[in-house]
Every structure is written in structure tokens, then in C-alpha cells.
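Order of writing sets the labels: A, B, C and D. Residues in every chain begin at 1.
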Amino acid sequence: MVDFQNILDAITLEANNTLDKGKIASYIPELACADKNKFGIALLDKNGTLFSAGDTKEQFSVQSMTKVLTLSMAFDLLGDNLWELVGVEPSGDPFNHLSLLEQENGKPRNPLINAGAIVVSDILVSKLKNPRAEFLKYVQGIANDSSIGYDVSVAESEKRTGFRNYAAAYLIKSFGNLENDVETVLDFYFHQCSLSMSCEQLVNTFYIFANRGKCLQDNQHLSLSQIKRINAIMLSCGFYDEAGEFGFRVGLPGKSGVGGGIVALLPDNFCVVTWSPGLNEKGNSKLGLQALEKLTTDSGLSIF
Amino acid sequence: MVDFQNILDAITLEANNTLDKGKIASYIPELACADKNKFGIALLDKNGTLFSAGDTKEQFSVQSMTKVLTLSMAFDLLGDNLWELVGVEPSGDPFNHLSLLEQENGKPRNPLINAGAIVVSDILVSKLKNPRAEFLKYVQGIANDSSIGYDVSVAESEKRTGFRNYAAAYLIKSFGNLENDVETVLDFYFHQCSLSMSCEQLVNTFYIFANRGKCLQDNQHLSLSQIKRINAIMLSCGFYDEAGEFGFRVGLPGKSGVGGGIVALLPDNFCVVTWSPGLNEKGNSKLGLQALEKLTTDSGLSIF
Amino acid sequence: MVDFQNILDAITLEANNTLDKGKIASYIPELACADKNKFGIALLDKNGTLFSAGDTKEQFSVQSMTKVLTLSMAFDLLGDNLWELVGVEPSGDPFNHLSLLEQENGKPRNPLINAGAIVVSDILVSKLKNPRAEFLKYVQGIANDSSIGYDVSVAESEKRTGFRNYAAAYLIKSFGNLENDVETVLDFYFHQCSLSMSCEQLVNTFYIFANRGKCLQDNQHLSLSQIKRINAIMLSCGFYDEAGEFGFRVGLPGKSGVGGGIVALLPDNFCVVTWSPGLNEKGNSKLGLQALEKLTTDSGLSIF
Amino acid sequence: MVDFQNILDAITLEANNTLDKGKIASYIPELACADKNKFGIALLDKNGTLFSAGDTKEQFSVQSMTKVLTLSMAFDLLGDNLWELVGVEPSGDPFNHLSLLEQENGKPRNPLINAGAIVVSDILVSKLKNPRAEFLKYVQGIANDSSIGYDVSVAESEKRTGFRNYAAAYLIKSFGNLENDVETVLDFYFHQCSLSMSCEQLVNTFYIFANRGKCLQDNQHLSLSQIKRINAIMLSCGFYDEAGEFGFRVGLPGKSGVGGGIVALLPDNFCVVTWSPGLNEKGNSKLGLQALEKLTTDSGLSIF
């Protein structure tokens, strides 16, 4: 029996003692002012018992971690038709994601890179009457927490400066793979990125991926087969061009965000969320990666 | 002494007798309805004498041919500082122009591809009080013809469907190589593309590139050194990924447009404009290329 | 308790009844003459009990599946220094593997693509006195089967026609990432690809990756941490540009070869090898993929 | 009437007074030991009168300049069938020439990049009984100088270290665009690169491209149409990814070599060869470019 609390405490101690805490994302003011000394880790085991250490109740900008949740909602709505619009292969290279998109006629490699999440956003805009409100309700429902909300100032900041996302969206549109107009799709895209959540709120939400689709309240979200497929995509594509490295070092499906959060999970076993705002040069949380590597090493638990 | 009229008549006869006239650009309705049977060729020799055959007084959409004229105006305003914002090398490959732009940090290869002309448009928007009106006046001035004007319905159509140009503009903006906002720049860009001109109006305008910068009214536009440089860029970059082929087969600096026009010139000798709306698979006028190859073969005149 | 024999029988029945059996690799005569109607599947469970159905005792050309074994031997010899010479990220795209190699200065993306396996071969050539003999002995040792051998005619055929592998090797050498001369390295590379083994011999060998490094004779090969890392690489990179798809549909680490074999495994649970010479358009065994998808669906066993 | 001698003297003075003479190619010892202070310029005017200044009688390694001469010989032998095997478009980018070659199925962009010259070499190997001897005789014949010869130590050095050329040749061969075996083709390729010639010998040879195919002895080489086409290719493709820049700054067809030589010419007017071993960062002779820019500026002579 693994003593999770003990491991989380040791991880937090090590994190606090690490001098090089990485570099905070600075492209919008709302992220730039995060406190580099924050560190939190929260874990739900297979029985739904919570273990936590550090700053696990403080909210931060979830950013790309929500790509898993918009994917889940779209997969639920469209079923396997989804894969005609977006692929399931790793993109390999960060800097040429537009060039891959161009070569591959506007079909993004996978739903966890920006281009793919824009296509997923377009689907939700098409299928939902009020995408912003309904997506928020969907997340609140899984987390059983109606206090979760968008950080509108983050969304507005990204809208003003997210030129590369506009470029990706227009390129996709030029290939006919975007049904709605770019402004509408990106408005939703920037909002879903801007969710503010704490480690504990996140681990409650992502718990469904470790628990065969059942949330803590025992409601089923997605089918088991769909849950497994999303886990497979997280493993292959959850860390941009560091996906192979994360599988290699940590050995769990997961997803990171530039706000400094990382979620990872072992099916039928546990779900864990870390938060530390300092990033490595690939854009993933430096201390988060260190924490998760220590977790799987010390517990001996990984999918491999 | 070359008998230009005789050659132009023979070219026109051959063009009219050619069964395969290429394929008309169909991405906007205004271009799609062009008449494939139209053919015109107009030539000004070194003395400013006009030779013409076929439909040389009918106006058509000038499209990319104006990229040479916006370049001229920007070169006049900025001098060699222009080359910090846009290069002078051929782009090689059409389908990956966004990928080159991405690799090269938003500095377009040259001013005669769309991305480069967008940067040039941004410069004119920054430097001019009323870019649309002033650019039109600039062209009217060189041509000595105040009847030249924009085709606003063409500009509006391109604005509604030119998603790839939006993608390029936003990508350039993401690298900080666009001063103004994308909507303003592209509004000007789409308008300058939409000029309606006849072969005769065009040959009057482009005559300056064959005549050391002097127009038919003997006014100097640009310096001789600048004229030579623009001619060099036309030779290297005037026909997208068919630039080498055009130099190889025709041997003159030139520029084509998807409206079916082509301009070409031999410095100190002649300037010629052809019009035939049917395009080859590279997007250049099929009969126009055939006409220009015959012109240089029959006259023995080329830069090589 | 899963009834593996029942599942394997059902899989074999389905395979035999499938009309479209894919297309046999034809680039060398030795592969082209394989019999498309052959199908075999062999599985070792966590207790080392063998289950099998179909043609599991017939030998075929192992091809790229051995890349996992040369990797294992090199990882054992070099430890983590290996990762300075070759990466652990998926390559994404098959057709441009030389272009990625060029962009990334001759460091292959991972050891399971040709370029990576050439670098691994170079390491073995440097470290071993008699690479061919010692590698064969290494495989025979894990499999506890001294009858395993090279098919020299396959190796010779590949040597005569493997121009793209020569191109990759010389490109790597041009970046200084190949210590030995190209001919020597490729001679070993083509030989290790040419191993002839049956499904049963293969499953005996690859069992170590499902059994924490212990072979059926209970000898330890590599450390548990190294075994996990190789499994992670198999998951990310084992199926070229279909790696994401394999993870998505099958959910197991694995590796395919153009001889029609596929190995896959669930750590602490089972190792399975399929053989069917017909390939899909991505170069992976068509019926093998179908078989493995059915295996994980029917058994409910996968890493996700 | 241009005073060429005066201009050449001024150019040589300026070259000798320039402190930054560029960087000598160092990848083989034979080039690395060149003397950076050497500078020569030789020019033949339309009457065949020679003007020269500096070190114009000293031989140096001609390197890529001979690509024009192997092209000429192959064009003579194959006529326009040549263009089925190699293109006429600029390659745009130096560092990815293998990736373009891969994308375009082994058909090199043009005959003046390495990959293209390898295909041209293959043609000569197929068509000639004794390629080395016959090509040398061809050059000696145009130059009317039987003292011209290969520098075998240069050829041997390149053969030992030219791994990237091996990679290109094998990649071309993998696409079926190389008839002979790679070793034989590259042996000829490295020899033709290794010709040792002086500025005066070179200008005598390349004079045919300025003189409608007639050499100083009034013998016709190639047809006028072929001469023009080779000039067009030199203009588009003669300076790798600096071709546009050379056209822009100098305005003449030309070709450079890493030995520090550059040839350039104005049809019906003059042919000029410069030599200075120091290269700029694009691999073209730094003082040579400066000299040619001064020549066209001071003389007012260029094709534009």
C-alpha cells in the first residue's frame, strides 16, 4: 500500500528547496504576475480519498489543461465523427505547427495542440446554443463545484495578443475545416483557456479519467472506451514536443498548461494535479515535472 | 529593326487559334465570370511608340501585378530600409509560403508574394494619411490617366474569402513585423489588388521599368538604381514557383496576376502587357506565357 | 480471469475470415514471396504460460521489431548516455524523416525509426568486438533458443537496395553523429533486421518487457527503470506515423515490422506477438492491428 | 565607351585595402591553406580583348563554378530531355536542400546546386566512355588551353569527407533518378569540382556565355537558345540562397565556387572572373561580390 501523503510531503519539501524554479510565462500581464514560490500537489486515489500538500486551494489559470475537457465534451457530442476533423497523432515539433497544418490541409494533428483545440472549439460553437455557459456548466458538473468560473481579464488579454492563434484559425478556415467565423470561435477558445481553478478543483474534475468515467459523485461521463482513448491521446500528445520525454520520465497520461498546472493519472489508481508557475524551456512546469517523476519513482506506479 | 506590329499580330492569331486556353480563377465570383476568349497584347518600344493587338482597351482585374507598384511606392518612401522588413530572395515553393514565413520569423522572402505585399501594404498604411486614395493617385500619375480606379466589389469579395491572407497577416503580426492592425492592412491590401486596368493602361504604367524610371510624360519615378533593383526582383520572384521557368523560357523580368495579365520588359528596349484570363496550373496566364515566349523568340530580344 | 485461449482462437478465426488481408511488402524478393494467408498469434501471460493459435512456429523476417532489441543492448552498454545520441520523441511524419534529421543536426528523433536504429547500430559496432555474433547471442540468450539466426539473403538484398538507409547514414555521418564508417554500420544494421523468428520465439524474447526485465528462465535483463523507459518509447514511437492511432485503438506499447510481425505487451500482465504478412498503407500488419484491437477490447486489458 | 582597365584597377585597389576579407573554406585541407590576400579580376570584352588586374594567372580550385560546364556538356548531349531529370527553379534555402529533394521525389531543383550537379554527373557517366578524360578535354577545348587539369588531392579529400554529397546521391538513387552506382558518379563529381584554373583561364572558358556560344577561337559551343537558357539558370540559381541578392546588387548572371572564384557576364558585352578566397556567411567570395557590384555600378552595365 503506497503512502501517498508521505510522498506528497516529500515532493513539496523538495520543490520548496529547489532554487531554479523555471521561468514564468510573460506574454500576458495576468500570467506574468504569478508568484513563482507557489507550489501545490493534490491527489485522489482509487477510493476517492484526497491527499494534498502545499498551495492546493489557490486558483490559477488552467490554460491548455482545459483542452482535455473541451475534447471530452465534443467527443461526447460527436462520437467518432470527431476524428474526421482532428487527428490523434503527436505533432512532433512545436515551432512548425502551422507548417504541419498547412501540409495536412487544415486538419490538426491532435486536439491537444492549439490548432486542434480551435477545431474542437468550433464544434462546440456549432453544437451548443450558448457555448460559454454550457461548457462552464459541464466542468462545474463534473467537479461538483459551481464556484468555478472564467477569468475574463485573461480571456481579453489573450484575445488582444493571440495573433498566432488567429493565424492558425484563419489557416484552418482557408481549408474549410472551420464552420463558424474566426472571431466567434476564438472568443470561445480564449474563454475556455481562461478557467481559474485550484489543484483540488482540477483533481476532482480529471478524476473521471482515472476512474473509468465516473466522477466523485458516481455519475458517468463518457463511455469507458472514450475515457481510454482520451487517456491515450494525453499520453501521446499532452506535452507538445516533450510528450515522448514525459512518457519516458513519468510514464503517465497527462496534460500541462502554461499557467503552471499539470494533471497526470494512472487508470484505476490515482489522479494527481501539480501547480508551480515556473516553466522549463518547452513551456511545461519545471517543478511539476520534477514532482511527477518523483511520484512515479517513489511509488513505483506507472503505466509501464 | 524589329517589326513589333507584325509579331504582335502573329501572336494574337496564334492565341486565338489555341484551343486549350487554360482555366479561369474561380475563387471569387468577380473573376470567375471573365471571358476566356479575350486576348490582348500591348507594347511600348523605347521611343514610346505603342503597338497593340486584340482586346487591349478592355479593363480586367490587375491583382498581383500591382504588387510591383506598391513596392515602388514603398521603396520610394523608405529607401533601402525597406529590406529590413522584406527580403529579395525567391520563395521557391507556393504551398508552403506560410511555413517559410514561420521559419524565417515573419520576414517574407520577397515583396511579390502575398506575405511580402502585406508587409509593403502595412508600410504604406503607416506612411500615408489616406493610403487608398494616395496609392490610386500614384498609379494614375505614372499612367497619366485619372480614369483608373478600384473595383470595390472585387475587394469586398476577397475580404470575405481571403482567409489565407488573414492567416499570413496574423502570422507576420505575431512576429512583430506588422505595425498596424490586420483588418486595416488587409483592407488596403485587397483594394490595391482590385485595380481595374486595360493592357494599354498597364503598359503605360510599367513603361517606367523599361525606361530608366521615366514615364511617357518624361517625369522621373524612382532612381535608376531603384528601377534596376525592382527589375531584378521581378526576374527572381515575379512568377511564384514558376519564376525560374519564366526566366528560362522568356528571359525577361515580369509579373503576373490571377486576373490573367502579365507584364514583362527589356530595359532600354520595350515594355509589354498581355491579357488572357485562362491560367495554367501554377496560376499564370497560359496564353500570356505562350505569347511572351513567342515574342522573345521571334524578336531575338531578351536580357540573356 | 481472462480466457486468453478463447480470445486467441476467436481472433484467428476472424483473421482467417477477413478477405482484405493487406498488401505484402515487395521491395525485396525475400519479403515479396511471403504467403498472405499465414496468421499466427502467441501470448505469454504473467505466469509465463503460453497461449497460441495459428502459424506460431513458422519463422518470418523480424525486420524493425529488432530495433527494440538493439536498443536494449545499447541501453545496457551505455546507460543514459545513449540519449545524447538519439532522442525519445515521436517523429510524427514518415516521408520527411530525412528532413527532420537534417533540421535536428543528425540526431534522430528516437531509436525505433531507421535513422535512430542506425545510430544504435553504430554504438554496438563501436562497443562490441564482433557485433553480429554478439548481438545474435544476446537475442538467443533472452529467448533461450540457440536456433535463432540471421537470414543472410535478406540482409544481402537490403544492402543492394536500401539506398534511403545509406542516405540517412551519410547524413548522420555528415553531422558527426556516426563514429564508424557507413558500410560497416549498415552491414550490421541490415543483418540485425534480417533475423528470422517465429511468433513463439519472439514472444519468449519480448516477454522481458512485460515481466520487469526477467526472461522465462528468470534471468534479469536491464533494470526495471530501463524496461519501463523502453516500453514508453515503444508506445510513443513504435508505429511510425501511426503511433498515436495504435495507442488510441489498442492502448499497449508495441512495435511492428514490415515482415508482418507485431509485438505488444501489458506490463505485469502479458506479452503478445502476431504475424500476418499483409500490410496497411502505413506499413503495419493489417490483420495484426485488427487482432490486437480485438484482444484489448475483448479482454478489457490495456494500459489506459 | 567604358574604360574597363581603369575600373578593374580601382576594384583591385579597393579589394586590397579592405580589411575584412571574409573567411576561407576550411572543410578540406587543400582549400584551408589558400592565401586570403590573393585577389584577381579578369575581363574579356565583346571584342575578345582581355583586361586584368591582380593575381589573374594563379590557379585555384574552381569548385562549383564547373557545375555550369558539366551542365553545358550534358545539355549538349541530351537537349531538352535534360529537364525531365533536373529542374530550373531556385532552391530558396540552403540548409534544407535534402528536404526539398525528398519532397520532390529526388528531382533536384536545378543543376547548379550539389544535388542537381550530381544528377548531371550521372548523365555524363552514362553518356561518355571515359567521363573524366572527356570532360577535361571539353573544358580544355573551349578554353583552348591543354594545361588545365584536375587537382587529384582535392578530389580525394572531398571523397573522404563529402558525406552530405553521398547522402544526396543515395537519396536521389532511392527515387530512381540515378542510373549509375553512387561511388562511380561521385568519383566523377568530385573530380570535376577539383579543376584548377586561373581567372584568365576561366574567363576564356566562360566567354562563350557572353558571346552567343562562340569561344575566342570562334568555334560554336551549344546553340544560342541553349546559351540563353544557361544564363537564365545562372541568374536564378547561381548563388544558392543569395541568388536574389546577387541579381539585386549586381544584376548579372553568374556562378560562384567555395574556392573563392566568381564568374559573371553581360550577354553581348563582357565576361568577368574574380578570385578572392575569403567567403561571406553564405559561402560566396566576399571581395568578389564587392568587386562585381562596383563593376556594374561604375560601368552602368547590367542586364536590368
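Observations, loosely collected:
One rule holds for everything that comes next: contacts are C-beta pairs under 8 Å (C-beta built on N, C-alpha and C of every residue); 3 or more make two chains touch, one makes a residue touch a chain.
As the structure is a prediction and not an experimental result, all values here were calculated from the model.
Common neighbours of chain B and chain D, by the contact definition above: there are none.
In this assembly, the chain whose C-alpha centre lies farthest from chain C is B. Centre-to-centre separation between chain C and chain D, using Cα means, comes to 47 Å. Here the spacing of chain A and chain D, counted between their Cα centres, is 55 Å. Counting partner chains per residue, chain A has no residue touching two or more of them. Each chain pair that touches appears in this list: A-B, A-C, B-D, C-D. Residue ranges on chain D touching chain B, taken from their complex, read 87-93, 100, 109-110, 227-229, 231-233, 235-237, 241-245, 247-248, 251, 253, 267, 302-304. Chain A makes touch with chain B in their complex at residues 95-96, 98-99, 102-103, 163-164, 166-168, 170-171, 173-174, 182.
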